[in-house]
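Look at the two complexes coming up: chain A is in both, with chain B in one and chain C in the other.
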Partner chain A sequence: MAWIEIARTGVTSVRLHPWRSIATVLCVVAVLVPYLAGLAICGGLADEAAQSIDAGADLYVTGRQFGRSVPLPLDAADKIAALPGVTSAVPRIVGRLAIGEERHSVVVLGMPPDKLPESASLVDGRWFTADDSNELVVGSALAAGLKVKVDALLPPFYQNRQGERISKVVGIFSHDAPLWQANLMFTSFKTAARLFDQPALATDILVRCRTGSEEELAAAFHRQLHWTGPDGSRLDVRVTSRQELEALWAAAAAHRDGVFQLHWMLALSVAVLAVLVTSAYGTSQRRSEVAVLKAIGWRTDEVLVRSGVEGLLLGLAGAAVSVLIAWVWLRGMNGYGIADLFLPTLGLQPQVRIPCRLLPVPVLIGALLSWIVVTSGSLYATWRTAMTPPAHVLRSSG
Partner chain B sequence: MTPLIEARAASKIYARGAAGSLRAVDEVSLTIEAGTCWALTGPSGSGKSTLLALLGALERPTSGEIRFGGKSLAGLSDVGLASVRRRTGFVFQNFALLPRLAVWENISYPLVPRGVRRNERLSAAKAVLEPFGLAERMFEPTGMLSGGEQQRLAVARALIGKPEVVLADEPTNQLDEQSAEAVTAAFRRLTADGGTLVLATHDPRLAALATHVAKMEAGRLC
Partner chain C sequence: MRTSKDNLILATVLFAAVAATVVVATEQFGAADPQAAGRRFQSAVGGLGMGPHADLSHCAWQFDPRVTDDDDAGLEALPGIHDYNPWHSMALFPVPSETSRHGLD
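And then the complex of A and B:
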């Protein structure tokens, strides 16, 4: 019972020094909000990556020269499709362009209209036809950036050996599609081949196969698919499985998250100092309080519990306010400023919905850390004072 | 019979840097039996407050020994010292109140570590504030009270835990006639009930309560 009553005085202590409490909570918020927002974006990106990998092909086949990925001859798709165990082999072209007056960076994906990802849903217009009619379907964020609508013409979309062409926007797909589609435009394989002036090449081939046959097929691709050019140069294949893609993503995400957490740890150490300074703001008051409590019969452990409860409450308050602000930052302000750290191509004010997922574990870790930060600012000083004779403290703190 | 508090050649020396040191209490020996009332008199700076702090386990002697209930304070742990302080009510000259706390909270804090519930503390606070005329102001912040009211509050806090001994440092020096009388009456009740009282005072009314008077000068008992 005594401990409950003592803990209650810790609650009272929070309201005894409102400015000190507010300053401490603000220090916690300043550190915790970017941490929570950053982790939420990491979580959101991981979710979207997992969804995209799940919805993608079982195997991705590209050419390989000098240890790097290069396009493949288009006939590779037919050769792959003919192998036992393969259920479909879809060639596609993925390339990057800069278009418009502001030189928007655009990813062009050329593939058959019936093989497009299911997550891309039309919000206006129609899908492109399979021929080389220069029809485009543009992501809504990109359309907003380029200020184009359905039936808009992009003049001249390309100029190369194939001539000079104007392309037409025939559809706009949803902004709710995964983030990687933000700067994307779809077109037919043939249009993409003309656009990049590579008529007989595919950047990669998406292979779907019977479950469990991935390893066997990958080995067969390596054995059977290679080409020798008229100049004697040799082209082999590189096969990437879904599992390898997941591992690659995990490694990249771990690196990025690690860099972020390192920066956060630096910020945390600064915050600890800030809280120490903030707490020192009330050092004289705190010392007097502790001395009075000791003089009227409180034990050191009881004084520490009171101080710990105060720190816990301030830490929890800081964590709760931080979660709220992080949520508003991500949902209301779409990660203004911080999304740029994780997705540099989107700029300070992203035009696409930033994926985020705020999990309980980071929130709890954040709350724990904020309690540690707050407590580290006060507990040691409280203990030192409590171990000093009360009359001495009262005399020295006036 | 074991004395309640005993000082054996207790000294308290404060270092003053280049100015040397100050012997605030100089080899004082004193035996305070339970149920007695002591008045420590003497000019300002004679060491009365320091001696009270030593007797109340709020300060450690530089040399010599303080015994409470027959046990030396020197060997006591933090828990032991807290136990001694719970048996003692101390009235500080500067009151040592927590100004932002409500009046009733301030004086009931000695009861908190004893596990006394809030409602019981509230009742106890009201009962002890009544004779001092402060019951009606018990929910106001302590800082809103006048100096005299805070001094009465400090006395009330010393009494709320029903201590075996009250050590009071100039408990009436800022009080008007009426308030000083209320404090004197409270101390009279304490001694009448068998309580022990040690006062550092210049107030003749309080000194009149004393069964023993000890005069201090330059840290020594005369």
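And then the complex of A and C:
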């Protein structure tokens, strides 16, 4: 019972020094919020990348020349589809265009529309049709940048030897779709081929195959798929499997963790110093307080419990407030200002829903470290003061 | 008086802690809809996008490593660093050519 009463004086200590308590919590918040926000964005991005790998093709086949990726002739899809074990081979065009007076960077994606979902719930409007009628589904950031809505007509923004046409926006991706839709211009394969004036090329072939046959098929592609031009030039293939993408993502996660831990350690060291100043060495009043407690009969362990409870409360408050601020910042304000650090091409005010997920482990680690920061700032100083004769402390504190 | 103010402080801190716990729990178990939207999008486009960039303008690798097999952005020389793409400030993917470039040095 006596220990509970002593612990309660820790709460009193928080109240007795309101500005010191506020400053300590602010120090913790200043360090924890960017850390939690960054990890939440990375967590959300990891989820969406995993979906991209899972829902994508089993194998991606592109051309290879001079050690770099190049497009493939369109007949590659038929050659690949004819190989045993392949269940489908879909040609795709992924390329970059600039559009509008401000030269918005656009990711053009062309695919045969027969694989599109029947429901167009992802888009405001509808999907494009299979023909080459220049119907486009555009990303939400691109639509905002170009100030276009569904059914808007775009004047020719590309060059083609056969002549240019007006394009029509038939759909706009919803805000909930992943961030990679932001600057996307999704259209039929034929339209994409016209936009780039490349009627006989595909940038990659999406291959689906029987489970377990990926490695065997990749080897077969390398063995059997070659093209030789009339000038003697040779075109080979590059094959990327789902397993390779998963391994790449795992390496990226390790890289990310390293970067974050480095930043966190730097911030943590600054926070310890800041809390040290605000909570202990900065106030002679606090030393006097400990000395008076000792003078009226408190033991050193009781003084430390009081200080420990105070640190626990301030640490808990700092961690909880940090989680709430990070959540409001990411969900309520859509990462205004901070998303640009982690998702560099979205700008200060993202026009898409930023990926984010506050994971429990970083939050728990943040709370623990928050307590360590606050406690290490005050507990040692309290112990040193408590071990000194009270009269000496009171004299030196004036 | 002292006890009531102390209780208020204690209650405020505990309320903030409970609210933070609820937020984290909601993030864990209540994020079904955006994930479903993401899966539908990826099914429609055949898998597009893996990295932190939202377009191909600065580094296609950071948009999707399936699109390119190297960091194709312009690199800048910085003291102490061989060459550096400023758009990788907080980017998540290690640059694939970094090892080979350093290997050639």
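Basically, the second predicted complex is superposed on the first by the 370 of 398 C-alpha atoms of A that agree within 3 Å, B and C clash if a C-alpha of one lies under 4 Å from a C-alpha of the other, contacts with A are read in each partner's own complex, and residues count from 1 in each chain.
Basically, a residue touches a chain if its C-beta (ideal position, glycine included) is under 8 Å from a C-beta of that chain, and two chains touch if they have at least 3 such contacts.
Treat the numbers as computed from the prediction; the structure is a model and nothing was measured.
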{"item": "When chain B and chain C are modelled together on chain A, clash or fit", "value": "fit"}
{"item": "Which superposed partner A:Arg194 touches (first chain B, second chain C, both, neither)", "value": "neither"}
{"item": "First (chain B), second (chain C), both or neither touched by A:Lys294", "value": "first"}
{"item": "Partner chain in contact with A:Arg286 - chain B first, chain C second, else both or neither", "value": "neither"}
{"item": "Partner chain(s) touched by A:Pro390 [first = chain B, second = chain C, both, neither]", "value": "first"}
{"item": "Which of chain B and chain C A:Glu302 touches, first, second, both or neither", "value": "first"}
{"item": "Comparison of chain B and chain C by chain A residues contacted", "value": "C"}
{"item": "Touching partner for A:Arg8 - first (chain B), second (chain C), both, neither", "value": "both"}
{"item": "Which superposed partner A:Trp327 touches (first chain B, second chain C, both, neither)", "value": "second"}
{"item": "Partner chain(s) touched by A:Arg20 [first = chain B, second = chain C, both, neither]", "value": "neither"}
{"item": "Overlay on chain A, chain C to chain B nearest C-alpha distance, Å", "value": "6"}
{"item": "Residues of chain A at both interfaces, chain B in one complex, chain C in the other", "value": "8, 12"}
{"item": "List of chain B residues in touch with chain A within their complex", "value": "50, 53, 56, 58-60, 78-79, 82-83, 85-86, 88, 90, 92, 94, 96-98, 100-101, 105, 109-110, 112-118, 157, 161"}
{"item": "Complex contacts: residues of chain A adjacent to chain B", "value": "1-2, 5-6, 8-9, 12, 16-17, 288-289, 291-302, 386-387, 389-392, 394"}
{"item": "Footprint of chain A on chain C - complex, ascending", "value": "2, 5-6, 9-10, 12-13, 16-17, 19-20, 23-24, 27-28, 31, 33-35, 37-58, 60, 63-70, 87, 89-94"}
{"item": "Interface residues, chain A side, partner chain C - complex", "value": "8, 11-12, 14-15, 38, 40, 42, 45, 47-49, 51-57, 60, 68-69, 90, 92, 94-96, 105-107, 109, 111, 115-117, 119, 121-122, 141, 173-174, 176-184, 186, 203-204, 206, 238, 240, 245, 248-249, 251-253, 255-256, 259, 313, 316-317, 319-321, 323-324, 327, 341-346, 352-353, 357-360, 363"}
